[in-house]
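The structure follows.
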């Protein structure tokens, strides 16, 4: 580091020293138009790319002596690289005039790299400079993401705090959500009608949190279904989701003391293609006439096809998704809808464990923080203090 | 549209496509054997298609080739994958939980940071950085902020929506409903376009059969 | 049952029939609809228009046949414009059904404009896992695509000569019916900062306008209307404009049903008050 | 064994994925990519279970002659046929592609196009001005519908520009629409973070079975 700093100073000093000569040269050359001048110096700085996996350097340059006319006549910068300033430089790229920065990648960590920049007009070298060495390295911490780290830590500690206090017996208030209250009624209705319940876990994979929330709700539904001796049909789009759904339903029957009632053929795989899947679920709705249809998880264009078919077959319909585009259709057709965050809240509500409700409190505090930040941000931006907003400009 | 040069092959395949299209449309009237046939047919075809695609592209690219190239650690995911097969046995089905746990662990770990970043941070960033000025843009920005705040209040779970909070959350649900209405209205066009495409396809086939 | 009660309970099949007729009639006798261009579409046109012959534009075709009706017209219009301007185009698809679509578009338009595959444009092919693919292309196109779709190594394609990654293209236009636009926003524009514009289905567009105001996108072509506008700008009237005729009638039919429904509702409301709840 | 180890696995890998977000170093980037690959690989292997389930369900329908069992034969035959063709000829062979093109994709696009009908019937039924909330949904939908096609321009051309339907539609799309979406996204972000945290900490364990895998 010290060495490169020294080098930089040398380059700087040399270029300052050269300045008067360059302008002098310009003066005497005025009467002999074909004489070529010594190229102006380019100050080149090479630095490691911050917050990267490694293997990349940033090369930046400036031409302190160039007036705007000279700059305008330049049309290309040739950039070359070498691991030794005294040996041959290998040309790596050319950039259009006006560039002042190049990001080189694919380098070896821990090695020295030097860069030479040459500016050309149509055929003359106008300016030239060498800089370095730069040593690429990968970082062990992305400083650009500190605000997010703070957010994660803040959220996690608040959530864990509330979970712990819930475990100690602290009771939280949670406001009623219509869609959640409807779940139990819907299962009761199915029992009265002697018809099954259809549970569609959506088109997501098991690694998507919306689908995981759907598992929790399925757990609750299946438990009730087992208690009431009804049947739950779960057609699946993704085989991993199917595997989990089978575990969930089987577990629920076992917990209700009726492991024999579980039928693996009720939690089955249809196909991993959106509309053939939809066609098959439509078929189930029209032929088995479920009393209640649940749509929980990730839904795409099939949402309205499913919901309309469910309406035609006369089922009560409860949907929950965080897919913004599809919520309007569920809202228009279904009887109850869990919108966005409500889906995640529902999984906490329905688990009926106090710790689960603890995180709801943390979510609310998260929103309070957002509200405060938005108001403060608005005031600051309006009064021209931009650095507050800049703090949230995370790459 | 004018008829093109078609051989028997094209007539048959396009005929199948046209028939299947009509089978699905028949569903609009009511459930019927034609729809059932098409529904069951595509369940098989789609599964066969995707399984083969997974096998030839993904399995070969992601498992077979790396292992062959000496990337021995690909044995781990392969074992995790094979562990899923224990689900065929009642006794050993629990083993598959290890693979599922890996799957879910990765998914939820990624989600915390990614969602807080793209869903929370980015939205926050898009909302706060603009001054409220005394013109149309400023007014619009002010409205956006009011609307965001009230819609956020609607999602408060741990306080009763009464009094001032109740009022704000009511505004919030109004904003949300306008948003949903707009979303619905926007969608109509795309859906009609899809239908038009099917109609054009059928029309093309008819022209082909009977001449323009 | 009086007329209003009947209007309240029209059988869904009548609605279906009306919609069916609304698309069948224009398919028999088509008519021209005037379009006005919106700024978010114009910006994409202007961007492509401002490029010099030989500049590179990256086009990602990420939709599948089920959204062809909406998205193909805009893809065709953009490629037409790029070819007319003698730009070099690089095609990639992140949708498993994309290759067929890209081939269809490129082969047809290349023939119209006398463009040669590998010289004037390249089709790199399809890769699953959009995030990983986009990140890798940001490093070097040849990482995820050592060869193009037809099996030619990238370094032996004249069109790929001297270009390595997104730094060498002027901008990326992503046409999609799925969630790949999010990947392009997060992993593409977010990570590598190139100018990004998207062509999307009408449904999705409401979701992406926010990225227009946040500056992550420089333009959006929303659905058929956007495609019709783009065709108007490019001067190749095509599928998009033709579709507009259907749209006008179908939209009118839906609005008429909404009006019937509400007139009937208000006329019968006194009797039914309290029986119907909110629709949530 | 059946319960603790999966919980430990979830905790460890979940924690790793959180931590790696903040560590750009090559080694972590590599592991991140590998782990993502691994989940995909698990998915590939699990497809076998999926196909197994499909076959079992339909086979049992055929065997016990349940109602509609004839249609199950169609599924099994088309599945086996398609797989065989793909297995023997690969995914690039003409027959395989044509079966996809003419057998599968027309059904896919026709199912998708049914939405044109459904959206009309849903609009007819749902867009009644019953409550304030329903009225807002209705008005906003109608304005945007009219604004997105030239009808809006034609019927409001006589009004000042800012009152013309297409401009009101744009206002709705860019102001309340954007705002509501931001709020919903922020909520979803928090909700997802909360659920993920509970999963990693082992508080949320329904996925292990309805009783938490006991």
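We just call them A, B, C and D in the order they show up, numbering each chain from 1.
The rule we apply is simple: a contact is a pair of C-beta atoms (placed from the backbone, for glycine too) under 8 Å apart; a residue touches a chain by one contact, two chains touch by 3 or more.
Here the structure is a predicted model, which means the values were calculated and not measured.
Farthest from subunit A, judged by the mean position of CA atoms in each chain, is C.
Two chain pairs are in question, B-C and A-B; the one with more C-beta pairs in contact is A-B.
Measuring from the averaged C-alpha position of subunit A to that of subunit D gives a distance of 17 Å.
Distance between subunit A and subunit C, defined via averaged C-alpha coordinates, is recorded as 23 Å. Shown for subunit A are the residues in touch with two or more other chains, namely 148, 152, 155, 205-207, 209, 212, 240, 243-244, 247, 270-273, 275-276, 279, 287, 301, 324-325, 328-329, 331-332, 339-341, 345, 360, 363, 366-367, 370. Chain contacts: subunit B has residues 24, 27-28, 36, 38-40, 42-43, 45-47, 49-50, 53, 57-58, 84, 87, 97, 100, 103-104, 106-108, 110-113, 115-118, 120-121, 124-127, 145, 148-149, 152, 155, 176-177, 179-184, 186-189, 191-192, 194-195, 197 touching two or more partner chains.
Shown for subunit C are the residues in touch with two or more other chains, namely 12, 16, 19, 23, 66-68, 128, 202-203, 205-207, 210, 213, 223, 225, 247, 250-251, 254, 279-280.
Chain contacts here are complete: no pair of chains fails to touch. The touching residues of subunit D, when paired with subunit C in their complex, are 33, 36, 40, 101, 105, 108-109, 112, 116-117, 119-121, 123-131, 133-134, 137-138, 142, 145-146, 148-151, 153, 166, 170, 173-174, 177-178, 181-182.
Those residues of subunit D whose C-beta lies close enough to touch subunit A in the complex are 18, 21-29, 39, 42-43, 46-51, 53-54, 56-57, 60, 67-68, 104, 107-109, 111-112, 114-115, 118-119, 121-123, 125-127, 137, 181, 184-188, 190-199, 201, 203-204, 206-214.
Taken in their complex, subunit A has these residues touching subunit C: 103, 105-106, 178, 275, 300-301, 312, 324-325, 331-332, 336-337, 395. Within the complex formed with subunit B, the residues of subunit C that make contact are 13, 16, 19, 22-24, 27, 66-70, 96, 128, 186, 201-203, 205-206, 210, 213-214, 222-225, 243, 246-247, 250-251, 254. Interface residues of subunit A facing subunit B in the complex, by the touch rule stated above, are 147-148, 151-152, 155, 172-175, 177, 205-209, 212, 240, 243-244, 246-247, 270-273, 275-277, 279-280, 282-283, 286-287, 324-325, 327-329, 331-332, 339-342, 345, 360-361, 363-364, 366-367, 370-371, 373-378, 381-384, 386, 388-390, 392-394.
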